[in-house]
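Contents: one structure, followed by commentary.
For reference, chains read A, B, C, D, E, F, G and H in written order, and residue numbers begin at 1 within each chain.
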């Protein structure tokens, strides 16, 4: 529901043309679609700048199938689902011939139209090691669907700083950076010390025992001695891309 | 050291006018000033967009006095010190007549020149409750010194959503938002669900027992079901303002 | 053993008709049935208002089969088993033709008689997202068996407050509410700020890394800045329904 | 603002007598009073059944004085402040001659009118040990101000079950129970196993080292093997009384 | 190696009949047998009163087979292995025809001779619920092999205290008690409040989410407000039986 | 109330000489004395073998004074109070001329009669370092009042094993041992590997940062690879002595 | 790239023979090889003394195959891969006929040339129990490839100190020691108290419940009351060998 | 007791000149001095290379005074006490005129003789920020007393990498390095990636809320992606110097 349609509706109430209970009904119906298993938030694009995304973890195949099916049939947006295991893709792949699965990032994408580019700058998407790639892939798929231009820098963990330094120009021209790192997660602080743009830090659950499923990297990033760092949840590549989009859109 | 002076120096090496060891010496000397107790990072403004700030916690009065004294005497920048207790202010207040102390935010500020405005938008600085004010004050002092325009919204915790809703226009026109909240910290998710701009979430250590010194609010914010949220450390008002500056500058 | 039979027995002791040791024996035998693998608490309905429920997790199929078999054969109550995996159902489904399995809620129900309605009000059973449904199903099956009238509101997480607001009348007419939410669990605070009835908060283990298996939502709910919230264990839909029953019965 | 005044206002909009922007203004102003340091939620009584209470922890004396002063001068309600240290009372005691301080419970109360009794039943307020008394006092002061009838049972921890058993009749006639216990907090489970009314469990921070500031009792209570238990935050006597009020009001 | 043989050896050194290096060699060889994969502590019975037990978790089948094989062939003691999964038993069952497997307790026992009874009293082995049985079985098998007389009381959790009270005579005549309980683990405190003999508390990992793998019960037991409780590791039935043996032997 | 008096009372009920309500009253009154601030458990000696001890932490001076005063005036037992700070002693020292304060152990003792010796063996009370002495003193005062013979071994931490080895005869002749250790707490495992008697392990909060207030030593002791170890709460010297008493009494 | 080649390149810049941009390109290219999935740090041997090792955990088979294939084809170094499951070995075993798999240590080794011996001393590699062997194997394979002489001492946990004491000469002649221990991890403190050489402590995740995946042993080792202990991550045999190499090389 | 005297004593036993019991007595007496409050480990220098150091935390002034007094009077070694608060120094300063107090490092030193230099290399002692200085001072005083040559590099945290890079030559010529860092502690990984010598990482408790008293830096360092790092306890400057001494001595 576009802002102008909303204003129109409110005006109709003011003019007495639309009784209050009926107005309430319309307003209640418009912002989301009620399926059997979920409510799809049609209003989110208006409010937050991007359509609702399906988070598959914890949902049954039937639930995901119903939700995706609705979005594909009844809506014209591009569609993104995250945390989708391979067998889930098998269960929904017939919904649309162009539905594409990224097994590393565990994402399902239906790109029906090229996304509108967001703002003017680029996003630098940086990983500390190869094992952080799945999280970066989730961020990458999300960012692309949101129309963000991405430059990738992979495998530049702080154990070999010279690998990072070689990319200084890319780091410095980015308008926003995502740093994906597990183990001790020190890469976020180091990158933030080198640039003036905002750094989004994504801790990953990659590591030996005392990484405690990403807790070590999470705490590292929250305690960054360099300023300009915002942290998202462990392994949350999707959330990092959302925040990057919000920053570029701002 | 400005970028152009750096380029000049490198050219001199290339032309053979400046021997390599001497060039190294100059480069080593320029980017920071070595005091007895600290190294002041003169290079940071070039790199990150704002001058080094003195984090007083864990430093003795003598150490802070030496560092601030140097900055006031030898430099012409505005000066900010955070986590400064009242007795620390007493010990350094004679360094400059315009040194100003904010007892709630525990900040020391010397504003010798009006800060240059950063970018175009405003920052909405939101607190959930009155007890979150000290952290917000630290963010406020920092933001102002960085030249950020701030609109404040205080005491709008989710226990009374109508207080928040009344400020929807302010929330929506901000280019970046800082949400400061203790206890369960739910305000960050709620705000992020209402706007499309980036939300910087600052958990505070305000709360009863199982807030565990801010851990509860921290986890809440990291797990926000609404996108576009970046989290900083518990009680880290300064860090939130740095990130806001980086976003507005981008 | 009904209260009147108990009074009778005590009177018999007082009148000297029943020797003390024999009275002890009767009292010892009555309140539970001793099987090989468990003691069934026959006395609980008298004491707590609902019959003992079988918690299957950690029990072998043989143990559950013995306990359920006893309850079905020797008792006339309705029967409920929770945390029952599908293969457990397969192992006991022959015990009674009307034994019904809910695969989402992992509950086994044998409803031999319609439950007596509890009190007068209704329970509003609210979930933040589709992935919280399994926990809500456990609560739902339990509540229905206890004779509680339930109104369900699904998928109204705080990322899209308008979905919740549309249900305000349902929220406000409920005599007790259960809020089931994972991730940051903020929905409990928000709902509690909108109603005057008691809110039972159930954190779920749904979420990314730093939800730490539901810890994040648990802490959020314990720290709710809105009053009137009682928290139960992570994923404990059964416990939430028990508490709701106790409140409605009061 | 009473419900009827709200309906009237909405009708005026519908009849065109009140322009939309003006209606918004009135609605924005009514539900809370904006002080310099806080927003007082005038609307809460309508919504939640009891007036806003001042949580003093983390607020300066000046902030509390402003808020309490406003409530005493401009409002006619009874007033309650929690987590008030003795020196805070000294700083506000001149605001009203009948302001009363409970040093054990750290509460400030101004009871200008006898509270209206809530519902019909009584609340049993139970402590495990003498050291849990401060938390119980906070609950007691809150409950009384909310018009709840309270029966107290003190010092009946599970190390001497016979002390508890002596109070069985009191436990069983209560419509709701609050159990305040530190150390291992087992009293909540034991009480819940004996009654059919809802039990509100309040863990306290009383204990030796591995109580970890109340964490041990908190986990105990969340994991209660007896049903009908709702847990509030550590040391949160106030929250327990709020929940008890909500249950009795239901 | 018996104490008398040790004294003899030392005398031989004193008389100069045994050169020092040779004496060292003998002493080094005697107290344990060096296999390829382990050292078997032959000296332990002398020192601690019971033979070494094989803890299978984390060992490969080949390693366990070698160790058990050695013990069965070269020694005449009874043999106990704990944490043995069913497929491990399959891999070693041919080592001796009387090797017996307890699938619930995951123990392997070869009882070649009836164990000598330890001391005079009995051990009461108590579980809170049926799901705690596997841990109790491990304790039971160990205790029996150590020659401890055991009286079992199962499924007497605090949610139904009357089930426990019926066993008061058994509790009170035991010289030592083991309480096995998961969830909130309150049974240990309650039992310890009823008896004067030492109580060994074994937390189990049975429970919903916030039991955190037995942490809740562990903390409960460590914080027991009743005296006379010693706690062992989570799920450590074996350790509880060792401690019971040490107490009865004392 | 002695067991024979209890039997007599029950007989009187049986003979009809004592009406049921009156019997209830007597039974309710006998087992504890109800003060204003506490219930003194007169029944504990009967049940657990030692009189109730006053745990002062978290109690006000007035509360402790009332409880101790009652015990001193109305009872003839020896009296023990633990966790008593020096200023608390000052506030109660006039209650009896022989009240003795141990500032290291923070205990108050009134030894009116020599304690009856418990059982036959001795308790070895071992500390790892001088800083663990306060906890050992609490255990020592408690043990002595319970009539336990104590042999002390101080400052024998595992960093210098030869100091411990020198005491092997003392270790081996003890019927029960208490090991008090902070930092890594390894002494408990080492001692348990050397003896066959039960070892009571008391972790202390002594240590650098990652001891986390005794958590490190606590976990060490719970995970002891040597059998026969029971753990009590951090810094809980009193609890260790209670358990030692229960073992010697058994 | 050898140090002398680097000096040569810098001289060429100084002499004007090599333009700055070209020098940058060479420097960027040399220190690592950019594959599709990873950057191989060719420079590490120069910098840290040993070639890059492939950490397989979290990498797909395809990624590992690409990296290993490159190292085997294009380089002449020995190759080590850690955390390699058996099915991963199956997927890469055709890359070179001499690729050797250690299933206990989960390492892949290609030893094309005998490693150069590091320094002069030996490394003593000690395990507390047989279940700690996998971690020790990882350390062993790494150490051997680094040219370290290793003496192994297995299964000498502190529950039977005499097993350890028998190896005192080996412990004392080692120039560096690695202690691998799970459960309570006390062996590290005990060993460190017996030697003057540095002790590298490796906690393992072996143990019952409250070992919390190695956390108990980790904390024990960090809190060692004996000096000279450096701790590495849980189960990190590889890291321990790296540190041992650095010490021997020093 | 020197090694040669020990050999002599053992020979005397062999020759029958020294009866076994008497030999035992001598051996028992020699290795430590038994004071009233502590055992001084005279044997440690022989075993570990440096004399026992007094850890003052948790000891009373009287205890420290007795121990230091003994060491100063009866021994001729240099003396070191750590964790000594200023008022403790006041209480012992009269013991020797040359006793020196370092208020930042909280160390007491009596340097009666110049320490013998340890090995050949130097120790680089590096801090991330000025607030880490107290921990570094403790390490420095310890290292100097152990005869270690120290080069200091202060305030080179990763937020300004150029400060660190300027010291690369110092880093690379050190035979061992200590990195002292709080907040996110990333400096340890970065330094370890630049050198081939062993790095001792000391996390400090410096930081904002989610540093959790040094836990964040501790986890960072344990998870270092660069090899060659050994971690000591939080704030344990003393332990770091011990480990450095052991490495240099090796």
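The rule we apply is simple: contacts are C-beta pairs under 8 Å (C-beta built on N, C-alpha and C of every residue); 3 or more make two chains touch, one makes a residue touch a chain.
These figures come from a predicted structure and were not determined experimentally.
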> Quick one: which of A-D, A-H or F-H reuses the B-C interface, over half of the residue-numbered contact pairs in common?
Replying inline: A-H
>> Counting C-beta pairs in contact, which chain pair has more, F-H or A-D?
In response: F-H
>> Can you compute the centre-to-centre distance for chain B and chain H, using the mean CA position of each chain? Integer Å is fine.
In response: 37
> When the centre of a chain is set as the mean of its C-alpha atoms, what distance in Å lies between chain E and chain H?
Replying inline: 41
> Taking each residue of chain E in turn, which ones touch at least two of the other chains?
Replying inline: 47, 129, 159-160, 192-194, 207-208, 210-212, 215, 218, 222-224, 226-227, 233-234, 239
> Each pair of chains that touch: what are they?
Replying inline: A-B, A-C, A-D, A-G, A-H, B-C, B-D, B-G, B-H, C-D, C-E, C-F, D-E, D-F, E-F, E-G, E-H, F-G, F-H, G-H
> In their shared complex, at which residues does chain E touch chain G?
Replying inline: 27-28, 31-32, 37-39, 41, 43-44, 47, 55, 57-60, 63, 67, 203, 205, 213-215, 218, 233-236, 239
> What does chain H use to touch chain E in their complex?
Replying inline: 10, 13-16, 19-20
> In the complex formed with chain C, which residues of chain B make contact?
Replying inline: 128-129, 157-161, 183-186, 189-190, 192-194, 207-208, 210-212, 215-217, 219-227
>> Applying the document's contact rule, which stretches of chain E touch chain F when the two form their complex?
In response: 47-50, 121, 175-176, 192-200, 218, 222-224, 226-234, 238-239, 242-243, 245-250
> What does chain H use to touch chain B in their complex?
Replying inline: 104, 129-134, 154-156, 159-160, 162-163, 166, 182, 206-212
